[in-house]
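You will see chain A twice below: alongside chain B first, and alongside chain C after that.
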Partner chain A sequence: MNPPVITEQERAQKELAVVGKGIPKADAGVKVTGQAQYMHDLELPNMLYGKILYSDRASARIVSIDTSEAERIPGVKAVLTAYNTPEIRFGFLKDNMALKKDRVRQYRDEVAAVAATTPELAEAAIKAIVVHYEDLPAVFDPEEAMQEGAPLVHELNPKGEPNKDNRLRLPWKFSAGDVEAGEAASAFIAEGEYETGWVTHCCLGTAGCVAAFDPDDNLTMYSITQIPSLAKADFQEAMKAMGVRGKVRVVLTTLGGGFGSKLDTYAFEYIAMLLAHRTKKPVKILFDREEEFFATSPRQPTRIKIRQGCDAEGRLTFRDISMVLDNGAYTSWGATTPTVMMMPSSSLYQVENVRFRATCVYTNNTYAQAMRGYGTPQVTFAIESNLDELAEKAGIEGYEFRLKNANLPDTVTPQGFKVDSCGHVPCLEAVAERMDWAGYRAAKAARLAGDATGAGGDATLVESDTAGVPPVAQAAWTELPDKVRGIGMACLLHVGGGAKIYKSDGCGTLIKVDDLGYVDVYSGSMDMGQGLDTILRQIVAETLGLGVDRINVVIGDTDVCPWDAGAHASRSTFVAGNSALYAAQQVREQILNSAADILDTPRDGLDLTGGMVVCADDPEKTTKIEKVLRKAHFASAGNTMFMAAYFYEPPTDLLAGDFKGNYSMAYAWGCHGVEVEVDRRTGQIDIVRYIAAHDVGKAINPLLLRGQILGGGLQGIGWALAEEMIFDEGKLLNPNFRDYKMLTALDSVDVEPILVEDPAAAGPYGAKGIGEPGLVPTAPAIANAIYDAVGIRLRKLPMKPEMVLAAIMEAEGR
Partner chain B sequence: MFLPDFDYHAPETLAEACDLVRDLGPSAKVLAGGTDLLIKLKHGLVTPTAVISLKALDELKTITHVPGRGVVIGARATHNDLVNSPLLHERFLSVSEAAHKLANNQVRNRGTVGGNLVNAIPSADLPPILIALDAWITLVGSNTSRTVPLHSFFTGPSCCVIDPVDEILTEIVLPDQQTTGSTYLKFALRRSGALSVTGVAVAVTMDGDTIVDSRICLGAVFPVPVRANDAEDLLRGKTWSDELLAEAGEAASCCALPITDIRGTAEYRLDLVRVLTKRALKRAITEGHV
Partner chain C sequence: MAGMDKKNIHFVVNGDPVSALVGPEWTLLRALRDGVGLTGTKEGCGAGECGACTVLVDGTAVNSCLFPALEAEGRSVTTVEGLTQADGNLHPLQKAFIEYGAVQCGFCTPGALMSSKALLDQNPDPSAHQIKVALAGNLCRCTGYTQIVEAVQAAAAEMNGTAAAAVGNGSGAAASGAGATGAASDTALAGVTGAVDQPSHASTSGEVTA
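Now for the complex of A and B:
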């Protein structure tokens, strides 16, 4: 079904009443008063508590499991292993199993599970299970894992055929133009190797579920998934494997954060199903903080090699990227992140000749998944850091270099993206203006000149000289103050109009209107805190000319809500928003057509605004919407109530084959600018100023939008500077917030958002997606600023003080 | 991870508490704020059958100045009690500041000075500044009471001279002193809720620009908080200068014997000792007790 088209003129004609306003989140009240129902709050009658026993080896053969003592504990209702349950396979390549049989491949492998009447008993039972292992060789480094003779993490592929090596057979290759010709035409080439490590989502609400079967074996899964419809399909498939006939219903509780961690189903959910089915009682599994750290799936670590070139004028000639990703022991959606990394690789800045290759490798580490940005933060770190290196080689200032190569509206990129609205240049300019980029550079150049002539430009330097010190030109390091400053910037490209990486990128909406003027909107989408429900309220309210208080959004119940591809790819405002918009437009037409009959006036002169059916031709006939609704409902002839259904499938190309095509309806751009202060003696980096300019199409709700940019920025700064999961041969050493350095309120930086509104023709009221972009360019912007301050190029994340100091000392010859 | 079962006692008087500690012996643990103990209990690292809470002993919570003795801090004073004490602000702001650098606000509301000392981890934040200010403590047993200089209280990681089956730490005393300045610099990988990678506390006695005396105590770089005697000797009687303080930093690093752990390598910790010692000295010399 083709969406009805609203023209720019139509949009501009009408002043927006609700869209564009910073309306507080729909769930703000229940959240601040503690009334929101999280998984932690959910209790069902006769509910049991499930608990999982994990492997304590990275790679081993299971010799025996003795559950007899656990079974004897009063209150323990079931003890399950792979040996007394049906096999449930899951994951992107179906290489994972709910309970592991014969062999463990990572520390988080689920070896046994129990259900008991209290959480304490469940834990006691877990401790009473005795497992004997025989260690097997293990491999933890993805590049070592690719070597010949490396221990195989999986001897067989999911089809039962022998694996030759640890490489996943995934076709992540893209090329456009002629890279060799581009290289030959280059006046300057920069190359570098970049590395990003393990970081995790840090959802404050730990993961969990409650599985409950009815007597007819229908399953209700209370869940915190970001993909209700896809999870339902996964669970339904598992039911088949269990030999259970019933139907699955997925019901969401309030989520305590998602960030991509819930884009796949997890073993614990299947285990809860197995326990619930075995005991015939609802079973709850709720992760503790340690489990949240080690048993949910983090962001992929990457090792990226990049080469970029430009001609004498500074125009990009080619870009060549190859990378190795640590897949961990099993395959989740994380293995598909290279498809999204292709996007900035091929299309951020104008560059004709592009090559991209990615290899995902099994290791005995924890397995990786999706996390905000879906690979683009990692590859953007390489692209944007390396771009500064190239600009320096070409002798062109970084901002000017970016402007020269920036993307422009109404272009098609080498990957085939049809870019219509494009705020790349406006975002660059906004950052440069806000930071007085030219002035900063000029002041620094002046000081440099002063130094060179011995005019004593340094004499006025104080410990925190705001304009920084040009390190490379300094004669003697010892004369530098301890703390110096520098500026850096980095840009981003992300999908802003959905992303067809799955066979359907659609979302359905049902709308019904009662005869009091209240509207229920059933959307397939979901909310994990980002505010999707609020956005849908605004879109529907605007379209029906009602206040947001009249709009009730119902999400998170697959028995009630239509299909949706899930909350990922920054797609919900765009895709679910359009779906709701078009459904609301149908309702609007129904109401207006009825009103024309009822009021006996031409349809064309009628409009819905301010809760009224407004009659332009005859103001006397203007009447409250609910009056029209009741008249239509209780009319003596042809009673009607108003309802609509709409399934919006973005008319985009499925990303497959040669990976060329237009796989999003809009593209989101942005630029971050940062000023840092580097302590040359400790390596400490302080963010002095952080500007985040984003092309958002149209800010449906500027308040929530700023929240996304701020949150993304802070998460990105943490990723760049502090956060890391520290593993020792596959074992996580810091599964707690004391040792995992997620930034706290005291560390938070005043991210200054700049909203650039360049409406997306196909977006709801012109909106583009903005859930992920706020995080994407943080690390390279900071790395570039550190380089500007102290002349060291950091190519590995996180840029911890210790690494910064080591690099500075090496550069200074200390 | 759940708390195991145990008997719970909340004695009303210090004497009662001491008797309980003696009578229950090794099977019991003293509980103050619980920010260390409860975690260990949940992880099964300690398995007492009884817990003796000090929560009813309000006399252990005060911070007062006793003429002739000095500033007396009750062992049950919380970190936020130190942060907010007008008396400390007036005399040793550096102690309030050090307490403020510890953990996060929630932990500071519950965690106590006594717990921080008896827990005796090398990276604890209060011992360095208290040792630099020459603090001593009082340990009370069912029949005994003794005072111990804090610098000889610690005997190893998680080890100290307290007799766990007889004694309770009741107070920390900062004696009246000639020192003109003191400060504690903590380097951690985050501004809040992070253990220190390295901490350096100094106290100096200045006569004009001359360093009459100094005490330097290093945290997280030795099995116990350790005095940097070499650096102190080097400074004694000299006129201060940036170069001299840098030399002192160098000398201090020779007194450290750090380990490599998830927070930092041994080499990095030595670098930090150098720079923090220098900066702490300059701060205490030029700004007083801060």
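Now for the complex of A and C:
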């Protein structure tokens, strides 16, 4: 169905009443009063508590499982293993099973599960299960795992055919132009290897679910998924595997955070289904914090090799990227992150000759998945760090180098992205202006010049920097101040108008209006705290000329909400927003057409605004909207009420084969600038200033949008400087907030957002997505600033003080 | 076995005398949630590391996941449910958290509110740094903390009467630049609200609906 376009011009002429306003989040009231119901708060009558026994080996054959003692504990209602349950396969390649049979491949493998009347009894039962293992060879390094003769993590593929090696057979390759020709035409080439490790989402609310079957075997799954419709399909498929004929309903509780951690279904959800079906009682599984750390899937670790070149004038000639990703033991949707990494690889800056290859490799590590940015933070770390190295080789200042190569509006990138709105240059300029980039550079040059002539040995040297000057050419390092400052920047490209990684990138919306002028909006999308609930209110309120308090957004129930591809790819404001907009426009037309009849006036002179049907031709006919609603409903004949349905499918391309096409309806751009202070004695990095300029198309809600940039920014700063899951041969050593260093309020940085509004033609009111971009360029911006300060190029995250210090000491010959 | 030595404890929760049957290993968090039925207080880690379970015990902020339930005997406990005033109006902190965007997923919110309340009870006019120190034990993954700090400053200003209508009646009027910067006792806030390119947050529902 084509969206109605009749109201576009009317809307453009009207001043926006609620779109563009910083309206507080719709559910903030219930959250500040403790009334919001999270999974932790959900109790059903007769509910049992499920608990999972995980493998304590990275790679082993299961010799035996003795559950007899556990079964004898009073209050224990079911003890399940793969040997007394149907096999449920799940995951992107269906290489994972709810309960593992015969062998385990990672420490978090689910070996057995129990349901009991209390969590304590469930825990006791788990402890009473005895499993005998026989260790098998294991492999923990993805590059070792690719070697010939490496232990196979999976001997067979899901079809039962033998695997030759640990490489996943995924076609993540892209090329455009002629990289060799580009290289030959280069005056300067920079290459480097960059590494990013495991980090995890750290949702404050741990994962969980309640599975409940009715007597007809219909399942209600109380869930915290970010993909209600896809999860429903997954669970329905599992029902088939279980031989259960009923239907599935997915109902969301309030989520205690998402960040991509809930873009896949997990074994624990299928285990809850098995336990609930076996016991005929609702079963709740709720992770404790340690489980949240080791049994949910972290960001995909990457090792990235990059070469970039430019001509004598500093124009990019080619970019060549290859990477290895540690997939872990099973395959989630996270294995598709390279399809998104292709985006900045091919299209961030103008570069015609591009090559990209990614290999995902099985290891006996924890299996990884999506996290905010979906791979783009990792690859942007390589691209933007390496870009500074190339600029230095070319003798061109980094900001100027970026401007020279920046993306422009109304262009098509080598991957076939149709870039219409493009705020890349404005974002660069905004950061440079806010940080007084030129002034900073000039002052630095003056200081260095002064230093060289011996005139710099005064107090003005306190914030000296040394970048670009080889350490050996420096004056004695011991004479430098302990704390030195530097600036760096990095840009980003992200999808801003959905991303067709699944065969549909759509979202459905139903809208109904009651007799009193209250509107219920049923959206397939969901909210994990980002504010989609509020954005939809604003879009519908604006379209219907009502206040947001009249708009009730209903999300998170697959029995009443239409299909949606899930909350990922920063797509919800754009895709769910457009879906709601077009549904609301239909309702608006219905109301105005009825009003024309009821008020006996031409439709063209009518408008909905301020809760009124406004009649421009005859102001006396202007009336409250609810009067029209009631007159239409309670008419003597032709009674009607107003409701509409709309399914919005962005007309984008599902990329496959050569991976060329238009992936998204809009592209989001940004630039982060940072000033750091490096302590040469300790390696400590302090963020002095952090600017985050983002092309958001149109800020539908500046208050919530700012929250996305601030929150994404600090997550990214933590990723860059502090966060790290530490594994020893597949075993997570720091599954708690004491040892996993998430930034606290005291560590927080006052990120300064700058909003660049270059409207997206296809976006709702011009909006682009902003959920992920705030995180994407953080690490390279900081790495570039550290280099500027101390001349040390850090290529591995996190850039912890000990790593910084070691690199400084090596460079200084200490 | 757990439960065999359960004991009735008597304490005051949000001004009301209550009793709860608790086991010797129970935490105050569990007593509040399972014994008293107040689920606003959240468990984020169970180990005193995240602060989501923060409540006030005789006015002092504690991690209720570490506080033994039996130790609550005779004490006065305030939870997030007790922040709401007797007349049903929200506490200035609750209003400010709503209006300054300090709430996203909201799981850390009850604990952050209670740590903030403990701070303002002790120090009615804290600097941004003092607020960050007070909230250092309350992890938040969504917000990056900035809007939480701003909200606490705004609430302090509201309670001190130094910000005319900085925190309104829930209509979204609060975060307008004038109200917020006027409230600032610390330059950080002025910097933030002034420099953010944050369009003014005009009132919404009140204006639009008839």
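Following the convention adopted for this analysis, the second predicted complex is superposed on the first by the 789 of 814 C-alpha atoms of A that agree within 3 Å, B and C clash if a C-alpha of one lies under 4 Å from a C-alpha of the other, contacts with A are read in each partner's own complex, and residues count from 1 in each chain.
Here, contacts are C-beta pairs under 8 Å (C-beta built on N, C-alpha and C of every residue); 3 or more make two chains touch, one makes a residue touch a chain.
Note that this is a predicted model, so its numbers are computed, not measured.
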- Regarding the shared-chain residue A:744, is it in contact with chain B (first), chain C (second), both, or neither? both
- Considering only touches as defined above, state whether A:48 meets chain B (first), chain C (second), both or neither. neither
- Task: May I ask you to decide whether A:614 touches chain B, chain C, both, or neither, giving the answer as first, second, both or neither?
- Result: neither
- Message: Looking at A:120 after the superposition, I want to know if it touches chain B, chain C, both of them or none. Which is it: first, second, both, neither?
- Response: both
- Message: Just checking: does A:205 make contact with chain B only, chain C only, both, or neither of them? Give me first, second, both or neither.
- Response: second
- Message: Which partner chains sit in contact with A:801 here, chain B, chain C, both or neither? Use first/second/both/neither.
- Response: first
- Task: Name the contact category of A:726: first (chain B only), second (chain C only), both, or neither.
- Result: first
- Given the superposition on chain A, which partner contacts more residues in chain A: chain B or chain C? C
- Message: So in the superposed three-chain picture, is A:700 touching just chain B, just chain C, both, or none of them (first/second/both/neither)?
- Response: neither
- Message: By the touch definition at the top of the document, which applies to A:674: first (chain B), second (chain C), both, or neither?
- Response: neither
- Enumerate the residues of chain A that count as touching chain B in its complex and touching chain C in the other. 120, 288, 737-738, 744-746
- Message: Quick check on the complex: what are the chain B residues that touch chain A?
- Response: 1-2, 104, 187, 189-195, 262-265, 268, 271-272, 275-276
- chain C residues touching chain A in their complex are 2, 38-47, 49-50, 52, 79-81, 83-84, 90, 94, 97-101, 103-110, 113, 131-133, 135-149, 170, 172, 175, 188, 191-192, 195-202, 204-210
- Task: Going by the contact rule at the top, pick out the chain A residues touching chain B in the complex.
- Result: 119-120, 123, 288, 290, 482, 681-682, 684, 722, 726, 733-734, 737-739, 741, 743-747, 800-802, 805-806, 809
- Residue ranges of chain A in contact with chain C within the complex: 17-18, 20-25, 27-29, 31-38, 40-41, 120, 201-206, 254-259, 288-289, 528-531, 541, 545-550, 610-612, 624, 699, 702-704, 706-707, 710-715, 736-738, 742, 744-746, 748-755
